[in-house]
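The structure is given below, and queries will be raised subsequently.
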């Protein structure tokens, strides 16, 4: 069994932003030299997500509006109990929970084994700072 | 390390439907010949889910009603921004996000290593067409 | 390839409770002797979760309040359709769905390959009874 690990470095311009990382993950898989196996792709932070959906700008806006409804930003000292720590990003912890921390993807014939529309995204909910995505590939 | 891949083909009769695929996944694991390892089971589409819960008809109705509340069907041109593409399935992208794209399950002694009530389901939110579920098994 | 499996036994005092299991998972990884690979950590039950977030008491209360809003407890015979079975835990099935069944984590140099704040939690939504978390480690 072979294994390979790589960190992707991400710094968004906006506080909340969805970034397509499919190409970066695909390159990590090529770098790994692994032809059959799986890749784990996860955010290393607790206020951002890695998820799979469609590359479509309207949908990305829909996601952000929907998340705001399910887990509203309340950037005040008493907006969430978590804010007693001095943070004001309680909503980001909840939004990330809806979207998920990680994806696990199949590698077949040295490539991402994907359906026609699957794309991998990094969802940032507390951005404008350096963040990392971990790609761990195992297989042969 | 051995690896094995299989596509399950699914076409639901209803637009939104929950289908138990535990037996199909179990058969793929037997076909793989892998005794110790893990299996990734994921929808290859972005408007459907694979998840684990209980085989109970009332609960399946509860899931559908609950998802409709959290991510309402709005099958009109301006129901979601995503509908500017001509699609009217914005809700299906959101519902699938709540339920999840994939599960990763343990294989021990050649079998699904499951708790007493765990069952694997395919959750379709934009159905009546051919869809695929990927099963990737790695181990020994 | 090596593989290793362990069950963690959990019995919460409260019906709904969030328990940090990072140390237990770390010990299982040491016990496995695996230096490079991945670990799957999943609840073996359908009314509880395994998820990754921050060890912060205010945030844990925020999670519980938020889940109660998204998936209210209705412990009456007609609170959910699932209650026709005699159970009154329909909300726990929904809450667990939001938080997720499992996490997959990377093992690098014999350790959990985590970001600075990542901690693994067991989220119980129908507790006060014996439950199990499965840890499956594969790698070399």
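Going in written order, the chains are labelled A, B and C, and every chain counts its residues from 1.
One rule holds for everything that comes next: a contact is a pair of C-beta atoms (placed from the backbone, for glycine too) under 8 Å apart; a residue touches a chain by one contact, two chains touch by 3 or more.
Small disclaimer: the values here were computed from a predicted structure and weren't measured.
Participant: For the protein chains shown, what form does their contact graph take: line, ring, star, complete or other?
Facilitator: Graph shape here is complete: every pair of chains touches.
Participant: Roughly how big is the turn, in degrees to the nearest 5, that lines up subunit A with subunit C by CA atoms?
Facilitator: It is a rotation of 120 degrees, to the nearest 5.
Participant: Using mean C-alpha positions as chain centres, tell me how far subunit A is from subunit B in Å, no decimals.
Facilitator: 20
Participant: Which subunit C residues touch at least two other chains?
Facilitator: 1, 38, 70, 98, 100, 104, 138
Participant: Going by the contact rule set out above, which residues of subunit A touch subunit B in the complex?
Facilitator: For subunit A paired with subunit B, touching residues are 1, 36-38, 51-54, 56, 58-59, 61-63, 65-66, 70, 98-100, 103-106, 108, 113-118, 138-140.
Participant: How about subunit B: which of its residues touch subunit A in the complex?
Facilitator: The contact residues of subunit B facing subunit A are 1, 3, 5, 38, 40, 42-46, 70-71, 80-85, 90, 93-94, 96-98, 100-102, 104, 132, 134, 136, 138.
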